[in-house]
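Got a structure for you, questions after.
First chain written, first letter: the chains are A, B, C and D, and each begins at residue 1.
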Amino acid sequence: MAGNTFGQLFKVTTFGESHGKALGGIIDGCPSGITLDFDAIQAELDRRKPGQSKIVTQRKEPDSVEFFSGIFEGKTTGTPIGFAIHNTNQKSKDYSHIKDSYRPSHADYVYDKKYGFRDYRGGGRSSARETVSRVVAGAIAKQMLPEIKINAFVSQVGELKLDKSYEDLDFSKIESNPVRCPDPEMAAQMEEYIKAIKKEGDTIGGVISCVAKNVPIGLGEPVFDKLHAELGKAMLSINAVKGFEYGSGFQGVTMKGSAHNDSFNSDGTTKTNKSGGVQGGISNGMDIYFNVAFKPVATVLQGYETIDKDGNKVKTQGKGRHDPCVVPRAVPIVEAMTALVLADYTLLAKTNKI
Amino acid sequence: MAGNTFGQLFKVTTFGESHGKALGGIIDGCPSGITLDFDAIQAELDRRKPGQSKIVTQRKEPDSVEFFSGIFEGKTTGTPIGFAIHNTNQKSKDYSHIKDSYRPSHADYVYDKKYGFRDYRGGGRSSARETVSRVVAGAIAKQMLPEIKINAFVSQVGELKLDKSYEDLDFSKIESNPVRCPDPEMAAQMEEYIKAIKKEGDTIGGVISCVAKNVPIGLGEPVFDKLHAELGKAMLSINAVKGFEYGSGFQGVTMKGSAHNDSFNSDGTTKTNKSGGVQGGISNGMDIYFNVAFKPVATVLQGYETIDKDGNKVKTQGKGRHDPCVVPRAVPIVEAMTALVLADYTLLAKTNKI
Amino acid sequence: MAGNTFGQLFKVTTFGESHGKALGGIIDGCPSGITLDFDAIQAELDRRKPGQSKIVTQRKEPDSVEFFSGIFEGKTTGTPIGFAIHNTNQKSKDYSHIKDSYRPSHADYVYDKKYGFRDYRGGGRSSARETVSRVVAGAIAKQMLPEIKINAFVSQVGELKLDKSYEDLDFSKIESNPVRCPDPEMAAQMEEYIKAIKKEGDTIGGVISCVAKNVPIGLGEPVFDKLHAELGKAMLSINAVKGFEYGSGFQGVTMKGSAHNDSFNSDGTTKTNKSGGVQGGISNGMDIYFNVAFKPVATVLQGYETIDKDGNKVKTQGKGRHDPCVVPRAVPIVEAMTALVLADYTLLAKTNKI
Amino acid sequence: MAGNTFGQLFKVTTFGESHGKALGGIIDGCPSGITLDFDAIQAELDRRKPGQSKIVTQRKEPDSVEFFSGIFEGKTTGTPIGFAIHNTNQKSKDYSHIKDSYRPSHADYVYDKKYGFRDYRGGGRSSARETVSRVVAGAIAKQMLPEIKINAFVSQVGELKLDKSYEDLDFSKIESNPVRCPDPEMAAQMEEYIKAIKKEGDTIGGVISCVAKNVPIGLGEPVFDKLHAELGKAMLSINAVKGFEYGSGFQGVTMKGSAHNDSFNSDGTTKTNKSGGVQGGISNGMDIYFNVAFKPVATVLQGYETIDKDGNKVKTQGKGRHDPCVVPRAVPIVEAMTALVLADYTLLAKTNKI
């Protein structure tokens, strides 16, 4: 119950600190018989990897995964898949300045209060480096569900907002630019903006949108484990996320029911999709789409005043190699968590009828 | 895993259909020794009850709870608390029109697909009537945490939005009007608007904001079970919810890190609270606040075209007694779910240190 | 986690104290589409009911079950099945003598220490009356698995031991006598013995054997949730149980591997079945069989000395209407718990392969 | 739910196959602040290690553990402890003979049926090699509970049975002989017997007894998660275990209640302890003691006939390096599982009272 497990049947438990020996996890409940594409797994890790472009952190981590178990002759065996990503580039000295003081809007203070002390190196367990394990697990979940297509992309950076329906976007262009925005023009603007922010030593927030197509009807467990509730939790569990909305979302509150309702076609599909592919917590076969809000990264490379363990004021400065904007690298993480939810709920749905 | 349980240590499992014999649940894991205030429990049920004002559904349900177990001489015993709310006003005939057809943006269609058939009376299990059990459990959770003060209120109805910080509101006025908006002037506007919407036979969405004060430092289980992730799931599990944001939320994405960070005071409190009382998924002792978006109720009292089980087009009309706007009655539900999360995480936090 | 839930996918949570208003539970995860035979459910309750013969407690409880939800037009809907057995014959005065003192080998003392106080009436939550809810749930689990045949029977009472292989017994005779021993001669001896014990105001232990036939191959989740491990936990969770063995059991320790191994037939069945139908924690299609040891009931109708809450010695006497030997009435409980395990593991096994 | 996790709050998930790259696991929920004694952890692994004496398998595995996370400056941090034991001596060729045939009384056949195929090398996931991870986790659990003293020992090998109360044994002698029987005379007999069995190419079963002293009052979660039920499941989850009994066990069934009851002393202790330290599923502060029955190892180094995947009869012969009797090496495993249950239930008990 200590919170390091996600999923009920397709269960992922992760371990690892930012600057420890290794991060990794165990996937328990992955069905047997899935032929794994290891290159595809690595490709997902590469999308999340630091140092991949000029607008992300310049740390260098190969982020290659070692599998220990649960795979035999290239296929999943149904037994737990243990894996690790070994840390190779641990510049602990970068973080000595936070050993005894608390960075604002980080988890330093609350970890100390909750656990009595903390591994302060690079944020320890609270670092977004933990998500490397999620990406591995999500890549396997994707391979369990080959029909489902999940695409996340950056739809907003600061005030720069992509005001188009996802249906008017060309997802094949997502990976064509470092921002991971499928609109090239907007992507270019966002990239320039992030570079300017970086130059200031500052950071900026953003929004990731995600669309899952070909999700079968019937995923979702009422009443508490509604599909969108689990998706929401999955997204909110990602570092720096402040909000989640699906379908009509916060905009939907201003609509009248007569305008908001999605009329049926004869085949059970709906003419509109303000429901966002989920009704009563259960997938209805339409596209699932949602938005995830990320705050600006808390580490700014500017001087600031904060407190130490004894409550004394100290002056310090952000150091290290950090992302000026987290959303480009968070795209594969959003996809991974989406895949984990869908894999889990696919297994759950196998048990609904006699 | 069928989704009817919420919480890990303070665990609530609910049962019941809209028009079945009874709804109810079991609270397992409630600590022993809590002297229960039964009037306070009933008061919460009354806040959620149909028929309480002109802007809510006019169904008449006494919604009184019968406790079966887990309480002895007025105190919780540490054993499971079984309870039921008996249905007394089951107008099944109101719903005969949906027996063989699917209402748009309801769960009728997906339940049939998922389970093979459904209890169609009043929406069956997918009805928001299920939340009556949550309110009972939440009322007990509140009593387990007497120091924590949870206040939810309506902050938006349609386009009518309360643009004030919660700190400038007088929570004692929330219950002074049927909308449950603490600003009397805005409340009056909202009430008029809902009445007009009702007259049209239409419905409208809204936002509920919630503030939890005096939450101790250290609640929240990284990495997947972050406090705000569980709060988000709790809210998204409520019928008609489309979005959740906490702290700076979706607005926060437009901010720079230097402006968004919450500087510390010497005592560990922060000068600002864009974090919304949670950092790294763990409560930091500041106020927790969040917004919950509700779509307009799908049942509109107007004629519409839809399909039947065989995909034939049918013309039908919304019937029954429904809420034109769900947020006034959802206020106690939001509070209840908040209390359940905080009770559960309070128990979890007892096990962090040796 | 407070221990009142059994199962992972076919999940039963029970509530209720011996002398409270009602006992009952929620079955969550029962698949939809099972046509329930309510008479068969009541028949199981009748097998467990007090007052059914001269060798069991003479309390009178109708033990009829009220279903609240999860059933529509006679079939399970896939939503939670809430139910209650209302207490109608609460002779609380029978138990006033234990309000302030602790009965030896009962749970009175530990409940007080664990929870701070207790519902002392009839043992409260620690009473075997709780198992009435298990029998309801087990009866539904049996109906989910119509091919599997589960038969439990009394194989030992005190020193009177049925030294026959279960294969030489006629299970149709189990219900032909009040002891529920399928060997009529031994049954008669056991019955006389129990009557004699009862006359003494004393109690005696016994063993229940159970056989499950037609269990499909592949139930069981290695490594911790082996099928027999879960069966063992299920049995050990029944009041008064002190031991569990399956297959060759404790006798098997004296055998050599060459003699203990079960050779295969060409069709995958085995020539012998010392494995007890489970290999490596997974069912192999052979009969599953096991023994469950029950201690003598702790309540003896004789004077004895014990202590009160303050540690003072007090003299008291067993009162009330108690079973001189628990095993005849525990037969349906053993079957119910077996059915619950098999139903749960049947659902789990649906998710093993892609 | 795939069965590779044990515990609810002190949760251990293991991974690894007999001849895979590594075995290991994640301990999630270990409280922060425990100063770990790494030598003590290795010492437990050494007690379980192959090759430690002439009566156990002669495989050579160093079995040293690498910790990846959750430990900082020698202390647990409250975050998940990831660890691996790397396989260094993988003689896969030893097992080629079982690639296409099924060894009797092993898990080969059921794994193939359940998962479609299997990692056949050394039994894959069904090998007792998996328990190496349990020993690591159990060693840490022991260190979390320094007051509790857990001692397991061999009390029976074949027909050679130690007929003494555990109170008359000197636990300091357990490690003085390779059998791990605290009675030197009986230990010598057992050792000779196992050597003779080994010479025959055969195997023999045995019983391990275990005693836990200084367990505080109040551990155990009624009704399904009784302390002894969880202990029973823990033991039954160990490879080759066929039975579990605690306190008076199977012997207790022959006793009368008047003789079986444990009378109280004024301080709440009991004059006798037939309850085995647990009443109503909750520890009462007396010694907890139980017996665990192990069948003879299925791999006998003799020729035998079995079937292949297509049901054809094949003649084959046991190969490899196997234990003639599993109990000497299983002693630390029994202790580890006991420690895991007690650690988990210690955390659970922190949440019982307000």
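Note that in this section a residue touches a chain if its C-beta (ideal position, glycine included) is under 8 Å from a C-beta of that chain, and two chains touch if they have at least 3 such contacts.
Because the structure is a prediction, the values reported are computed rather than measured.
> Tally the contacting C-beta pairs at the A-B interface and at the A-D interface, and name the larger one.
Comparing A-B with A-D, the pair joined by more C-beta contacts is A-B.
> Roughly how big is the turn, in degrees to the nearest 5, that lines up chain B with chain C by CA atoms?
Rotation angle between the two copies comes out at 180 degrees.
> From the centre of chain D, which other chain's Cα mean sits the farthest off?
Checked the centroid distances; the maximum from chain D is B.
> Roughly how many whole angstrom separate the Cα centroids of chain A and chain D?
Computed from C-alpha means, the inter-chain centre distance equals 39 Å.
> If you average the CA atoms of chain B and of chain D, how far apart do the two points sit, in angstrom?
Each chain reduced to its C-alpha mean, chain B and chain D end up 46 Å apart.
> Counting only Cα atoms for the centres, state how far chain A is from chain B in Å.
26
> Chain C: which residues touch two or more other chains?
Touching at least two other chains: 1-5, 8-9, 14, 29, 32-33, 78-79, 114-116, 125, 222, 351-353.
> Can you check the complex and tell me which residues of chain B touch chain D?
Touching chain D: residues 1, 9, 29, 31-34, 76, 78-79, 144, 222, 347, 350-354 of chain B.
> For a test of understanding, state which residues of chain A touch chain B in their complex under the given definition.
1-6, 8-9, 14, 102, 104-107, 109-111, 113-116, 125-126, 130, 156, 158-159, 197, 200, 202-207, 217-218, 220-226, 228-230, 232-234, 236-237, 239, 242-250, 252-258, 260-268, 270, 274-276, 279-284, 291, 293-300, 302, 304-307, 311-313, 348-349, 351-353
> Mind pulling up the chain A residues that touch chain D in the complex?
Against chain D, the touching part of chain A is residues 1-5, 8-9, 11, 13-17, 20-26, 28-29, 32-33, 66-70, 72, 75, 77-82, 84, 114-119, 124-125.
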